[in-house]
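Some structures to go through are shown next.
Same chain, two partners: subunit A is paired with subunit B first, then with subunit C.
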Partner chain A sequence: MSQLRPHSQKTPLLEIRSLTTQFLTEDGVVRAVEDVSFEIFQGEILSLVGESGCGKSVTGLSLLRLIPIPPGQIVRGEILLEGRDLLRLTEKEMERVRGNEISMIFQEPMTSLNPVFTIGSQIMETLQLHQHLDKKEARRKAIEMLHRVRIPSPENRIDSYPHQLSGGMRQRAMIAMALSCQPKLLIADEPTTALDVTIQAQVLRLLKEIQQEMGMAVLLITHDLGVVSEIADRVAVMYAGRIVETGPLEALFGNMRHPYTRGLLESIPQLEEKKERLNAIPGHVPNPLALPSGCKFHPRCYLAIEECSQEEPPLFQVNGNHFSRCIRWRECC
Partner chain B sequence: MSENHVLIEVLGLKKYFYRQRLFSADKEPIRAVDGISFSIRKGETLGLVGESGCGKTTAGKAILRLIEPTSGRILFRGRNILDLSREELRQLRPHMQFIFQDPYESLNPRMRVGEIVGEGLGVHHLAKGAEQAERVSEVLRKVGLHPGDAGRYPHEFSGGQRQRIGIARAISLHPELIIADEPVSALDVSIQAQILNLLMDLRDQLGLTYLFISHDLRIVKHISDRIGVMYLGKMVEMAKGEDLFRKPLHPYTQMLLQAIPKLGPAQKAHPPSAKEEVHFFEPKQGCLFLPRCPHSKERCHAEEPLFQNEGGDHWVACHFVF
Partner chain C sequence: MVQYLIRRLLYTFVTLVGISIISWVIITQAPGSPIAITLDPKVSPKIVEQMEKNYDLDKPIYQQYFLWLKRLFTGKLYSFKDGRPVLEKIGERIGNTLLLNVVSILIIFSLAIPLGIFSARKQYTFFDNLGTFGAYLGISIPGFWLAYLLILGTVKLFGYPVLGMRSFVTEGFSSLEIVMDRLWHLMLPSIILAIGGIAALSRYTRSSMLEVIRQDYIRTAKAKGLPEEEVYYRHALRNALLPIVTLFGFLIPGLIGGSIIMETVFAWPGIGRLAYQAVLARDYPVVMTINTISAVLVLIGNFIADLLYAVVDPRIRYQ
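== the complex of A and B ==
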């Protein structure tokens, strides 16, 4: 897990620099992602966590250039996959990256799988398209992939239609499809949110096992800090389109340095102790068309001082690869 | 714990659904709720947990007769609700209210907040005109909204504020019992905490009794005094919250508790592999949990376990209490 670091010795698999994605709406320009930078190393799980509207999914879609243009637009930034800037590729070149080098799974497997084709034919399509396998080879490989995601009797299941599978099995089939071309990076956008808690635990464990077997990198997008702490190596917390804190899992949970991260954690009821009230974060997420000045979190922050409303804070280095976008990070938490 | 403090008692509640086809109907029904019994004391919060399809929502709606139960008895302050006529039921409604999961779909978009919250007062002839407006302002203030919000429409509010409107509607009639069906599941985590705090404050201020339905064990543990665990339409375990978490007796409860993601990088104990969920496959006899149970024995195939008190008001339906 953490043996792969220190980072300085390795070049990242994927490096995002100052990514800024905006949407033109009738009411004005929404900056969904503002100056977001992070990197993912081979063999690690980085989790992008935040509440709805924080820009985590738009970041994921931007990486694959799946933002609908218009109304969307990647205004600035670089997305370097092994040094190659994906934003400079032609659409044709980008098609070869998707599925082959970076692939993606989504929250609701029923809407991402085609209901009129068997899961086998959908996995085979990927293999035939990207890896130019013939039909027989593709079928053999598809069975192997279903086996890998622990679907029982894959020889029979390969001819099942999506509706014949349970929610957990469908998500496994999605994972099999996404991994069939052995991508270097898997983007998983809320992969277990639609699943029951016992099934969620199984799918998370599967993801972690496969990720280790294949040595692949995973960008896990989720709102659920429980999911994060189960499988992530590093975490980036987003708020109002910005990364507000990032660091190794242990640091984020054990030594958080941003009041928003603390607020998120304290909003979750603890199993161990019974508290009468939760320390809820007051107020609500700002309207993206009317973001507050300075630090975007200051109107809800218990540490806010006048300075916070004047200038947007940069990311301060707490130590190593732990950063916080809070001028009072030393006092926080 | 004397009997007269029991506000509502549910006895052998069943709700079966028969699928209608063109020329036939199913002989074998879907047993959404299959004979559950429990009682809630005044001022108490009973949490009902279970995974999707376990019948917890159906149970909640059947208790208020928002859907007609197939059989059973529901004693509210000693009277069987299922024996009431439409008019008698209507008169009882103000005492029992429901909070829905989805704050987007459960508020009429064409009504102003004041109309939504005040509608019940008008229907039940409790307040009219200026008095109604005054009551609405008071209720809005109680749930943390501004009295001036009465003139606005639901779409002008965020999800969390909409859920406050739903709560305001539920408490406007001074109910004794509130059935809350996943009231925070659609909300972001920071907003969830606000709404949970609000529900707990209102419980203390107004002496409310809750049936709190949720799939989230952390949340249920936080708000409930006692917790019932449902599986495929049956109650498999029920106990005080602390007892259930400290010493779960049913293998299904144990599986659920182990599956809760731990917060923080602490030890990741990986529980024995739980079996994948099963479709509406129903063993004709024996224990319903058998196909997923890691401990099943011969007896479990033959005979269905009874829901029994294992001492200290800890009820469980399992032949082999672990």
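== the complex of A and C ==
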């Protein structure tokens, strides 16, 4: 039993309880994140997986309280960083968490760096803000960080503007900036999606290496199961704002217990099989303004029965820390 | 960079020649002639012919143009109206116009940009709506009307003259009093000239700012833990000002055009009033020269705007 629940003895670094985030739109209230709970332990990579619009990015932004308010609103929940509820901090206290204890990198390295400042000044800014270094020390540290993310000749590159770097280099600079204050947790929101495939692999490897060196935790938000299988320790699958299945990587990939997870995995094209069509999940992602009753996935589910449309299923424990939000999880897959 | 500057100067020169030719044609072919306006219709045709000869009006239009050009650059250009050198007439007034325009540009930029930023930060609040209302008011109220209203109000309230550049009688004034008198006369026209600019530029700053704060790098700046003020005034403002510096170029000709009306209303002895009087008298040398100076200023304004663009935007600097 202890082998199946490796983390049960430790206290998590970050614990999210019943996080619910909504947006007030002209057409009504959109619940982008509904009652999401998970925890991240020190030194592990947890991957949040799902299709676009499933609420995974909003979850990431909610953790740092970067949801624009209004129209956004964190309705309830707790975000406990080493026991401290981030939702109860003042804005000033929250500023000391951002970029310092929890950092975030984003999908588009092209647009996520300010075009009018050099990458050096953008990294130094973080260091001066949180570590109160003077300009000279900050510059030295920034060069060291650029070196650490394997940017060649960092002494020269530090004075480059973002547009002078390639996409991969820009994302490395972003990573250097995010990690400059040695955060406990890095939230990486689709960090490789905008990059070429070969660059993707390099950046992922870099992330994994630095994560192990520094012993920090990573919340990896992605829709790319290839990325997940490469570096994640644990996986949480999201659908329509909810976590539908969560567990260790091997359990989810080898012994999935939710039809949506299975659909996701089967929709990856395989090289060996030459098929005319991809195994896409039938139907569409539900309209967030008119979610189906009961299990949000039942209209697209091949296992759906009468009961599925009546009540939203809770998370069932499959074993250890493997959970599924499907009433037929035993029969699934 | 040097190559760019040379190319740019060359284009500017070609544009300038084009402008001067077109305006020459328009001005000389417009109805009315300098002689018909200054003389009694009963004067004998012989005298008219003689005068046309004096003014070179009997020559073909292209010759007249080159004569004007030659005289402009040799300084031998004389006004039809009083025979004084054109450059001298302009020279004694250009300082007055520049003073007025520089002051109102300063007022525009120092008020409009903070106003626009504040409106953007407080989008859809009472203050922002008030700003929108004020901007529409400022853009739509005719300047001359507001000018007369303010002249009336100020004179009634303070009983001190506001027209012209200074009071008629300044004897016995201390130097401080003379300065105060000059500033007093400068106040109303520069404020009136600035109102439209403030309204337009503050709106422009607001929308530019609102666009920038939706960008990804603003989210990055927040995710770094920067306080909101730094996110706004360091990361957002620098980017929001990029399109605004180009406006700088367009404001200069706007103010010169505006000063024809305002200088007349306020009896301000500037270029605008000179141009207005010259147009009425069909004083071609004066009109054309002022026209050319305006064109040069417009082109310089655009040139400065482009240079400023390169200063603030590194992406342009390196291309």
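Basically, the second predicted complex is superposed on the first by the 324 of 333 C-alpha atoms of A that agree within 3 Å, B and C clash if a C-alpha of one lies under 4 Å from a C-alpha of the other, contacts with A are read in each partner's own complex, and residues count from 1 in each chain.
Just so it is clear, contacts are C-beta pairs under 8 Å (C-beta built on N, C-alpha and C of every residue); 3 or more make two chains touch, one makes a residue touch a chain.
Since this is a predicted model, take the numbers as computed values, not measurements.
Following the overlay on subunit A, a side-by-side fit with no clash is recorded for the pair subunit B and subunit C. With both structures placed on the common chain, the touch criterion links A:100 to subunit C but leaves subunit B unconnected. The wider contact with subunit A, measured as residues touched, comes from B rather than the other of subunit B and subunit C.
When both complexes are overlaid on chain A, the residue A:113 reaches subunit C alone and has no touch with subunit B. With both structures placed on the common chain, the touch criterion links A:224 to subunit B but leaves subunit C unconnected. When the two structures are aligned on the shared chain, A:129 is found in touch with subunit C, with no touch to subunit B. When both complexes are overlaid on chain A, the residue A:268 reaches subunit B alone and has no touch with subunit C.
By the touch criterion defined above, A:247 lies against neither subunit B nor subunit C after alignment on the C-alpha atoms of chain A. Of the two partner chains placed by the overlay, only subunit B lies in contact with A:199; subunit C stays clear of it. The superposed arrangement places subunit B and subunit C with a least CA-CA distance of 7 Å. On subunit A, the surface touched by subunit B in one complex and the surface touched by subunit C in the other have no residue in common.
Contact residues on subunit A toward subunit B in their complex (touch as defined above): 51-52, 152, 166-169, 196-202, 204-205, 223-227, 229-230, 249-250, 253-254, 263-271, 274-282, 284-285.
For subunit B in complex with subunit A, the residues that touch the partner chain are 51-52, 158, 160-161, 188-194, 196-197, 200, 215, 217-219, 221-222, 241-242, 245, 255-256, 258-265, 268, 270-271, 273-274, 276-279. Of all residues in subunit C, only 215-217, 219-228, 235, 238-239, 242, 312-315, 318 touch subunit A in the complex they form.
If you check the complex, the residues on subunit A that touch subunit C are 64, 66, 91-92, 95-100, 103-104, 106, 108, 111-118, 125-126, 129-130, 161, 163-164, 174, 177.
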